[in-house]
């Protein structure tokens, strides 16, 4: 279920189908998850989002597992259930162990706690932490 | 500046001073940043927060650099300027390169974008992403 | 389902019923949605909220469709599923096309992304963007 | 400083001045803080906001101090610096002690932490916690 | 349902069982709610979270009911459904009346509204609200 | 000021300079604001973000002014001061009147209020508001 329903592969336009093919090839899977089938109603957003994600989540200075864990961290902090579930699955596919997930959650919880202590106590930024550049 | 002002080392009670000593020893530094000097007005919170952070941020299944980057990810997502500045500094001390920071931010931005697309399009969680356990 | 259950029209006090009548008359419908039937347990909040919404969502410098889309934008950003569903329905009733919804979501996603890039990179406000007034 | 600048008492329209008078009388002070002087550019919002706050923050089932502390809790959680500063001042005026503020912050921090653990671990609501009503 | 499933008492390690016993003794109940049974997969987090909550939610300068209402306020503001349901139940157990809940929600709603007006109008903090301390 | 400082036009690489040229041409201005000069340290993010924004903010089913106001709505809701200031300036450039801004803010405030009432009262989505599609 989603606002406009899901666009299945067989019903997709050639434009959308090309993205679906790329998603499956890149991820080495034979299915498309609901997120893509939902935003496929807006092919421009589907294409832009997929291309951005491909670029951003590719191995680089950070490895794909670390990137997936950061994705989970943000999604948990924002309370996006779908994103938590899907990116936890992706992180596991990238090799995340249960122990790593647990430490990830502990950090996310702690950061959310101290973020509010800092605001509540109205703590000014230390000069040493300020950007030195103009 | 902070709500109750900063408690400097020389003015600290033995209880607070013991935590300050532990912070400096653990971090191999000779100064205490404003966050700790602000919440030191509540020694129970100071002690609990420091002990929790020590436990959570210690090397484990995730290395300290990864943990600091997750801390930055959450803080950027929440918009806590102090926490962004201080944990970016900590991450750099743990070896974060500029290239790593840039990729971190790209992931944080992307996750915040798709978190909202998911909510807006009212996307249901795929069965495959749901926890299998009872 | 909601914390105190729903107060149906037939069970409502004259005070609540008057608001229900006004909601149905204003919206030209013959039913009351769950939000109002839930907060009706607090007639003061029901009355204040309805009167505020009536005032705020009325046509003015902005037309009702634009206002409903802004409501959807905020609700998607906050992750309020009920509000997303109900105000997307209201926006459609005001004439929102599917194409407009898709562009709305694209902007909401993008804004959430750059909001975090700005915080993470610690970008200072340009002088030209600052309020000129004292 | 604020987007349209501040509307001072001497420059205010009779309509705005009447609200200012009511604010000062209700609060037993002789000044108006920047929030009101900023939104006074929109007299309808000024009036509606002031009347809502007056109704909501009045003594009732909860005393004014508890209400101000809840206001601080939400504002700290949302990271609204102005609101934290102004409502912490109001809470103190209502008698909030430093010890109370510290416990308030500890609860706010803790709630923000467990809110994310719950989301990250994808914890389902216990039947006993669900509303029993239809 | 939760990511790793629930650890029931009969299946718990002695370490986890000791915490469960403490939870039931402290709360004078004979059951453990899903949150604890979910994070029990990480005994260090279970222990740290329980001990922190015990310390923070104990009667002090604020009474337990006020603390539970603050917990509900933060959870409602963050949109954590589990936390709203469980802490509303806890608050009721501490004696929260329906009238108190309704006023609590009214304040939470109002604070969320003015938090955004302040940001949108770019309101500067009044000198009188700034911390006086260095 | 920003984490890595600003990359001015004269110091920019040809790659970055090409984006700067496009920004200035598109916006018909002769300057680059701090956001772009900050993320220019990551040319891939600069390029992707600029291209996405160009695509998303272009006139389409929604006009540019409506899009800028939605951007302001999200930014105010998230508390991103830079984004509020810069997109309020952009919206004005697109013709936003003061009256429109005030109504925009009123809607943003109201949506943030009812988003929390809905969550706090645990309101279930009406069947009529649910997506009808599979």
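By letter and in written order, the chains are A, B, C, D, E and F; residue numbering begins at 1 in each of them.
In the analysis below, a contact is a pair of C-beta atoms (placed from the backbone, for glycine too) under 8 Å apart; a residue touches a chain by one contact, two chains touch by 3 or more.
Predicted model only: the values in this text are computed from it and were never measured.
Chemist: If you take the chains that touch subunit C and keep only those that also touch subunit E, what is left?
Modeler: Both-contact set = A, B, D, F.
Chemist: Give the rotation angle, in degrees and rounded to the nearest 5, that superposes the C-alpha atoms of subunit B onto those of its identical copy subunit D.
Modeler: An angle of 120 degrees brings one copy onto the other.
Chemist: Return the distance between the CA-based centres of subunit A and subunit D, expressed in whole Å.
Modeler: Roughly 34 Å, centre to centre.
Chemist: Can you work out the whole-Å distance between the CA centroids of subunit C and subunit F?
Modeler: So the centre of subunit C lies 20 Å away from the centre of subunit F.
Chemist: Out of subunit C, which residues touch more than one other chain, so two or more?
Modeler: Within subunit C, residues 1-4, 44-45, 49, 52, 77-81, 85, 88, 102, 104-106, 108-110, 112-115, 117, 119-122, 130-131 contact more than one other chain.
Chemist: Which bits of subunit D are touching subunit E when the two form their complex?
Modeler: Touching subunit E: residues 1-4, 31, 33-35, 38-39, 45, 49, 52-53, 56-57, 60-62, 66-67, 69-71, 73-75, 77-78, 80-83, 85-89, 97, 99-100, 102-104, 106-108, 110-115, 117-126, 128-131 of subunit D.
Chemist: Which subunit A residues qualify as touching subunit F in the complex?
Modeler: Answer in residue numbers: 1-6, 44, 48, 52, 55-56, 130-131, 133-134.
Chemist: Applying the document's contact rule, which stretches of subunit D touch subunit A when the two form their complex?
Modeler: Answer in residue numbers: 72, 76-77, 79, 81, 84-85, 104-105, 108-110, 112-117, 119-122.
Chemist: Of all residues in subunit F, which touch subunit B in the complex?
Modeler: 3-4, 41-42, 44-45, 49, 78-80, 131
Chemist: For the complex, give me every residue of subunit A touching subunit E.
Modeler: Within the complex, subunit A contacts subunit E at residues 79, 88, 98, 101-102, 105-106, 109, 122.
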